[in-house]
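In what comes next, chain A is part of two complexes: it sits with chain B in the first one and with chain C in the second one.
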Partner chain A sequence: MKTDQFLSELHAALEIKSLHSVNEKTCLKDLEEYDSMMILGIIAFVDEKFNKSLTTEQLNGITDFKSLMDLIGLENFD
Partner chain B sequence: MGSKIAKIEYYLPEQILDNKRLSEDFPDWTPEKIEQKIGIRERHIVGENETSLDLAYKAGEKVLSGTNVKEIDFLLLCTQSPDYFLPTSACILQDSLKLRTNIGAFDYNLGCSGYIYGLAIAKSLINSGIARKVLLIMSETYSKYIHAKDKANKTLFGDAAAATLIEYDEVECIHEFQLGTDGQGMNNLIVPNGGMRHRYDPHCEEVADGSGSIRTANNLFMNGPEIFNFTIRNIPPLITEVLQKNNETIETIDYIIFHQANKYMLDYLRQKMKIPPEKFFNNMLETGNTVSATIPIGICKAKENGLIHKGSRILLCGFGVGYSWGATVITL
Partner chain C sequence: MGWKTLINMLDLNEKNILITGASSGIGRAISIVVGKSSPSNVILCGRDVRRLEETIQASGFIPDQAKCYRFIGDFSEGHTIPDLVSFIKDLRISLDGIVFSAGIDKLMPFRFLSEKILSDLLHINTVVPVETTRQLLKNNLVNPQGSIIFISSIMGVVGQPGQVAYSISKGGLISATKALALELSKDKIRVNVITPGIVITDLTKKMFDSLTPESVDEIRKMHPLGFGKPEDVANFVSFLLSDQASWITGSTLTIDGGYSAH
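Right after this comes the complex of A and B.
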């Protein structure tokens, strides 16, 4: 998946309204919308698009969107 | 020779905790946001002196109305918030519901899979000739375990009881089961203190979980992300297996009722399994997640709304604390 597409689709899936768009350096925990439901949204998105599951420990370690991409595996991105 | 569900009734405690009240305690959440995110507008909560046994009695009384109580020859009660460590709540309920004394009665401790396991036990009792009319009651008061400042769990769970009459029938209406258990998930949905392993500690430290909820080890703890991972991993194969066992497909089944965990999780599971929305029950708006009671309440509501009727073939699926899960197909 192209990085731009990933960021744009995840922005929509997580219903982020406080920012017009997100980039690799956007910090998840700084988002107005960040809560326990957003974590479920990330789990669902990664399962649906990459067929991968993320543990709580991994999820707790996410800082910006780049760190999420690292967890998914950079080989999945163009 | 077989068994069938003859009647279901449920009881919700009078006290209501609505989203408006919740948003006063947790100002970063608006009532609309709570409803949109988890599909719950209000949940019923027991009063200080009201217990699972009280709810079970009310639901039992409703389902037995119009039935000769002396015909009941087995009572099963599913709860994780019993009135006492001992005696068994079902024994007390036998007396208060004025059931015969020469019947069997016991509690079993399961959460969101409890209804499926109860149907499996009731079917087995009837088909083995041990009983002909079983009273199966789910009664849960998780609110007793939830910390007043636990935003996530307070928002999600409601208290309720549901009672089902299961009786002998010439044809089998409770079909094949697929069950599952994995104790490795024990710490992801747990009340750590209060049993014999870790006794209740009145001086227990309050801990903030980083997402706006506070609790102690005396309270209910749920690791939502891990529970979600567990359902994504286990429920789609469970549905495939139970359909195969029953020689059914999603297309031949009339309707599907899952444990009502939360709207988001159910929407995702439905889409992942390619179940048409019109065949899938997703409604916990006025009850919240009532643990083992969600499936029988779902059957009642689906019937009230004309979504199912006599003769409908319905897939039921429960999953959660334990981990424990199960599914079956019934003919209504």
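Right after this comes the complex of A and C.
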């Protein structure tokens, strides 16, 4: 999946309204919408798009969207 | 009131009781309380053999006073309900009390809720208890003046983000209780549903693991009396199984530490 496409689809899926768009350096925990529901949404999104199961514990350790992509595996991105 | 006095009030002497979800959580606590209340026969259903045995050990069943039967089965498998009914028929036991405590949860933002997740929750939490009840009644395995209890959830009454599927599945039991109570009243079979708040069990601990500490703390603050223990629900279930509750049917009984008082 292209990185731009991933970030755009994730931005829409998580209903992030505080920012028009996100990039690799956007820090998740700085987002207004960051809460438990967002974490669960990320887990569901990654499961749906990459067939990969992440845990809340793993997501608690990430900082920006780049670290999320590292967790998913950079081989999954163009 | 002392424990012994309470147990005397909740005497289940000579009653035959079926409990699903008996190997953990609220079902386990109910099994223990029922076991101490002098029933004749108890059938405990669970998926996990080891944990079911631990429940039986903790219940203190005295072999010459009460017989305890184990049914190992997974209600996600289609054959389990007919297998359970056959099991009870083979025992030549007719039930005076049934408690449906087996259930699952899946915290999921609504936008990501798939039809499969919704279907799975509806199957285990709603269809299984209702269909099991239907098959037991159809096979004349429930005695007149029996007591049927569905363990629902306060989430079936009020809402919370991430709980749409769970709320639908548990809310369905509340509606089923009212209709079934009226339909079975001619046989004096009582049907009631309990809606607990957050009770600390393995299921809720798993849910908490998927939340931030701030979210868990927020949920705790919504319970004026704090989170519940399985025994808080079990004691009331035992009362509903007893003859002391003979005039209670079609009722939704909330045990939630004040959660829904807001």
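List of remarks:
Operating definition for what follows: the second predicted complex is superposed on the first by the 78 of 78 C-alpha atoms of A that agree within 3 Å, B and C clash if a C-alpha of one lies under 4 Å from a C-alpha of the other, contacts with A are read in each partner's own complex, and residues count from 1 in each chain.
Everything below uses one rule, namely that a residue touches a chain if its C-beta (ideal position, glycine included) is under 8 Å from a C-beta of that chain, and two chains touch if they have at least 3 such contacts.
Remember, predicted model here, so these are calculated numbers, not experimental data.
Of the two partner chains, chain B is the only one touched by A:53; chain C is not.
Shared-chain residue A:65: touches no atom of chain B or chain C. With both structures placed on the common chain, the touch criterion links A:6 to neither chain B nor chain C.
Look at A:36: by the touch rule set out above, it reaches both chain B and chain C. By the touch criterion defined above, A:44 reaches both chain B and chain C. In the superposition on the C-alpha atoms of chain A, the part of chain A touched by chain B in one complex and by chain C in the other spans residues 35-37, 39-41, 43-44, 48, 56.
For chain C in complex with chain A, the residues that touch the partner chain are 107-109, 111-112, 161-162, 209-212, 215. Residue ranges of chain B in contact with chain A, taken from their complex: 37-38, 152, 211-213, 223-226, 228-229, 232-233, 264-265, 268, 272.
Of all the residues in chain A, the ones that touch chain B in their complex are 35-37, 39-41, 43-44, 47-48, 53-56, 59. Every residue of chain A that touches chain C in the complex is listed here, in rising order: 13, 15, 35-37, 39-41, 43-45, 48, 56-57, 60.
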